[in-house]
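Next come two complexes, and both contain chain A; in the first it sits with chain B, in the second with chain C.
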Partner chain A sequence: MTTTTTTPFPFPPTYNFPPFFTPQPNTTTRHSQLEKWSSLIQSWCRHHRQYRLSLIDAVETPLFHNAALRKRLDLREARAIIDWMAKSEKEGGGGRRAEWISDAGGTSSSGSLGNGVGQGPKAVAWIWWRRPEEWADVLVEWVEGTGQRGSVLTVYELIHGEGAMSQEFHGMDIDIMLRSLNVLVKRGKAQIFGGEGQEGVKFF
Partner chain B sequence: MSRRGVGLGAFANRTQATQSYATHGANLRSTHTASLQTQLSVFQSLLHTFALEHSSTIKSNPTFRAEFARMCNTIGVDPLAASNILGGDMNDFYFEVAVRVVELCRETRSENGGLIGVEECRKRVGKGKAIGSGLEVSDDDILRAVRSLQPLGSGFSIVKVGSKQYIRSIPKELNSDQATVLEVIQVLGFVSVSMLRLNLKWEKARAQTVIDDLLADGLVWLDAQGPEKEYWSPQNLLGDSG
Partner chain C sequence: MFFKSLDLTTALRPLLLPDEILLFVQDAVGLYEGKYKIQNYQSGHAYLTSHRVCYVATEDPRKYSVAIDLKEIDRVESQAGFLKSSPKVTIYSKPQKKKTDKSRSATASPAVAQQSALHPTHSLSHLPQTNLPQSSPSPKPINATWICPICSFSNPVPSNFDPAMASAATNLPPCLACGIKPPFTTVLKAAINAVTSREFPLLNLAVSPAIAQDTRQPNANASISPFGSGETVSCPRCTFVNHPSLVECEICGAPLSAGSSANANRVDSPAPLFEQSHIANTEVSECVKLSFRAGGDKTFYERLKGALVQRKWLLQNAPPVPSPSQGASSPGLPSPAPSVEIPLPSAPRTSGAGIAGLERRGLEARRKNELVIGNAFEDLEALMASAKQIVALAETLARESGMTTNEGSPETSAVLSESAAALGMVTTKDMLSSGSESLYLSELARDLAEYLTDDRKGILQREGGIMSLIDLWAVFNRSRNGVELASPSDFQKAAELWEKLKLPVRLRRFKSGLLVVQRYDWSDEKTIEKLQAWMEELRRVPPDDPVPWDWPLFGRAVTAQEAAHRFKWSVGVAAEELEMAEDRGVLCREEGIEGLRFWHNHISSPEYDDLSRLVI
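Showing the complex of A and B:
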């Protein structure tokens, strides 16, 4: 994953609270802990413009390993947290803020590393610091704000184009871009055409 | 030398005297009451004017507010109850603080088991959520606000553990062992069973029971990654709104 920001990630106070790294036996406390982890993981990924998280890699990063406290989150606990994040709030989860990437990333055309090849199930997950529907809203807002409604753009342009340089979706994972665009297609607000790798999109 | 009346006439005289004393007394009393009432109403209106005149200072300056509240208290005027005298401002202020305290307690209940330090609470209320919405408040204001909730039967109370005051938003008593352990955590940052055995000369079973109870109430968090299980207070997590 490319890191676009150079400023260090500002960890919340919880990160320096030693019990944060131990699964809490009390269910109420546990819930609060899961919420805090979910929000930490989301802001971490957002800060690093990271869309997928490979747990095996992540347990060695500062996100899950607090070197100063010498505390770490083990793989099993990291999985438990992502599991919780992946569930909807109705199911007692964290509002589908994550999603396991089940097949080993074979459909990804972005060729990014850490896409889960050979890591088995529940190894890599999307982290939805914005869900595809939310990204769709962001895209619509940008398209309307820049008066590009009705015009045709390539997906490559959307992600890497100069026009959207300042946008949060700049440099976005192509899989997520396509998913977000598909949300718009379903809403009848966009149309995707062209073959794989050369998709274009028209906004209505 | 006066001579005691003799005969039947004396009875009549005495009743008359008592009556005139009584009327005189009543007269005196009513004049007193009238003058006191005038004084009181003058005082009330002065207090009212004062409160109105300085309402902005009362709102913005915690020291001034505390002094004002103390003055009201000494003369027997409850600044919270006496809204008609002091104008709605004082009331509104404390209710606003109270609302924020309740919000904060609810928000953080799953994190701290419904026990929150008055100081932490003040810092958080002072910060406010949105920009510019911070209220400058003192610990005294927080305590007053919590007390103003009592008539509602809200179950909010002030508990003192060691030298620190806490707001308890769950109507559950701490027993003395639990309070002691929380006090130890205040000083040392965390506790373990062996620390309790060593410092308080408690039996293992006693130490373990107290800790298990605190854990069950969500008042401490467990850290199992050290050589011995450690129990930490979540009080310092505040301000981490995620």
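Showing the complex of A and C:
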């Protein structure tokens, strides 16, 4: 966990509703249930500044385990919810608010979140409480707001630099930062150079 | 004779009087008044009961249904179908009181009888008998014989034997040849046969000449003497071909039955319409005809004749038959079933005092019951004859066994023990002409509808207005006491007919395929309203134990068992109804180690949606 805020997470009222933890057979009810789970997971991750969610660990956290009700979401159901979140709205899903990390080994460079390694497929997922495109917009806004257009910044600076301390992307997972920057590169708003782990970025 | 207005049951069938039993049903029947078709009474069901002949129209049955009391019927005639003319049963009304004297004097006069005999269109089938009995105007004694089952000797039926009053307890003389007492049924059957064949010549004599005149139509045949036709009558017993004017066989003395009735009267078909469209409570001027367009006339005729002979309507207020074993000790016993008795400690018997006397009485009662059961089950016909006693006995036994077992027996068993009424109205295949499967099904559907809506039993009310078809099948078949059981496929087919027949019950298929029976005005919306009201109530009532969730908001979970208990449904039905409500999005489920429970659906209710969005 990157940063854990001390304030407790405010759970929505449905979190204390026992049927919330049972997959609903009725499609409309099921849809609202998935929507609520999706928003709960997103706000949870955002509250905890968490970008990837390892389901096997998460089923023990208060997110999926309501100790007061003695109810928990089992792994299969949690997977179903993430699956739904990963689908686009056109496919009847939750608008790509999650993405499975298929090859967890490739992301081990982040170190602190390497606990998803070797747990097979659909064990760890990105939770896009902001999509990379949205992050790109946030970055551009920040760069423009601080007058750093044309300057060169390292990726480390962007994530851990003092200038970005107050920003939401402070302490962000490096993979997500790179993906967001790549969006900007495609838009022609930035350029990435440098080697592995030493990336620098120039905003236009 | 009057067309009486008819009360219909919920299943649109004639409402039976106490002690009245259904004998026969036939569909596609039309009604004629004299020679005229009665408008709006041309397509319906004919119900023959022990007291009445009823007609119920298929369309608008509440408006177009009439009944004729059997006691007002003088005689009936059958007319076979010919070419386009359907077979018909003609019912002649009894002469009015003032006419009765006149007709009696008329029977004594040979001239009048001769006159009526000259018109062959009128009761052609009974002509052989009509002509002759002038010589013996007084009613003849019953000339019945019964065949001894042991030695096959023909014994005369005792003259004091009345088939309508006799019961298994009546004393019967032994066989003249071998001295063995005959079974009650043999004598009863013989007596009924004899009376049936005797009835008609006698009744024909009593016809008022005025009525006879009305019915006949002068036509080409009128001048031809029936004797010229050379028609002969063969004896039903020895097959000797007798002269048509004889009433008894020359060889064996057996009464001759009516000759062939092939002379259909085609003149009145297609008949003109009777002017009046509403005929209830109007007097029948001469006769009523039932036209059987889909057959069944033969059976109807036979049963009608049988009913006229048995005169069940006389029994309604008749004193009970004193049984010989009882002697004169308690002749005024008001019980309708004299041979079924529970030993009464306060009985005015002097023969035994104290426990010994009680025991003796108990023993006698048991012996009597044994005799009744033994006689009744010998033969189906005998069972019919003593049905009343047997039902009473069965009820007594059921009541006794109900008392000895624990008092908390399910309510359904109470329904079963009150099965006497069910026996009365249930249509059996026996009551329908063979081969008419659709009629059987529609009658079964009506039976079921009546059974379900019967307020005395209140089966549907007791089950919370809804019960599964399988439960109904079991209860219904059990109430038939093991005879004429409805097969499952017939049962389902009949239940599917309810909607078509506009009966007040409906068959419904749940998503899972469970078939249930419910009232026609029962709807999912009503169920949901009930469930929602319950859920509201649960939000107001604090739970017994402290709960971790916000109960004023979420309420409490309910199980199918709780719902079944609250709404008096069966658990299967309750589960289906809850799932139905879930399907509509009113409820949602919670699966846990406690089992499946249902909650009010707070997952997709919009007011909480907004709340959870705010958190993001």
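By definition in this document, the second predicted complex is superposed on the first by the 198 of 204 C-alpha atoms of A that agree within 3 Å, B and C clash if a C-alpha of one lies under 4 Å from a C-alpha of the other, contacts with A are read in each partner's own complex, and residues count from 1 in each chain.
Everything that follows uses one rule, which is that contacts are C-beta pairs under 8 Å (C-beta built on N, C-alpha and C of every residue); 3 or more make two chains touch, one makes a residue touch a chain.
Computed from a predicted model, the values in this text were never measured in an experiment.
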item	value
Fit or clash - chain C, chain B, common chain A	clash
Chain B versus chain C as contact partner of A:68, first or second or both or neither	second
Larger contact residue set on chain A - chain B or chain C	C
Contacts of A:145 with chain B and chain C, given as first, second, both or neither	neither
Partner chain(s) touched by A:194 [first = chain B, second = chain C, both, neither]	neither
Chain B versus chain C as contact partner of A:163, first or second or both or neither	neither
Which of chain B and chain C A:18 touches, first, second, both or neither	both
Contacts of A:36 with chain B and chain C, given as first, second, both or neither	both
Region of chain C that runs into chain B when the structures are aligned on their shared chain, from 24-32, 114-122, 132-140 or 582-590	582-590
Common interface positions of chain A, toward chain B and toward chain C	12-14, 17-22, 24-26, 28-29, 31-33, 35-36, 39-40, 71
Complex interface listing, chain B residues touching chain A	109-111, 113, 190, 215-216, 218, 221-226, 230-232, 234, 236-237, 239-240, 242
Contact set on chain A toward chain B in their complex	12-14, 17-22, 24-26, 28-29, 31-33, 35-36, 39-40, 71-72
Sites on chain C touched by chain A in the complex	548-550, 553-554, 557, 582-583, 585, 588-592, 597, 599, 601-604, 608-609, 611-613, 615-616
Parts of chain A lying in touch with chain C, wherever the complex brings them together	10-14, 16-22, 24-26, 28-29, 31-33, 35-36, 39-40, 42-43, 46, 68-69, 71
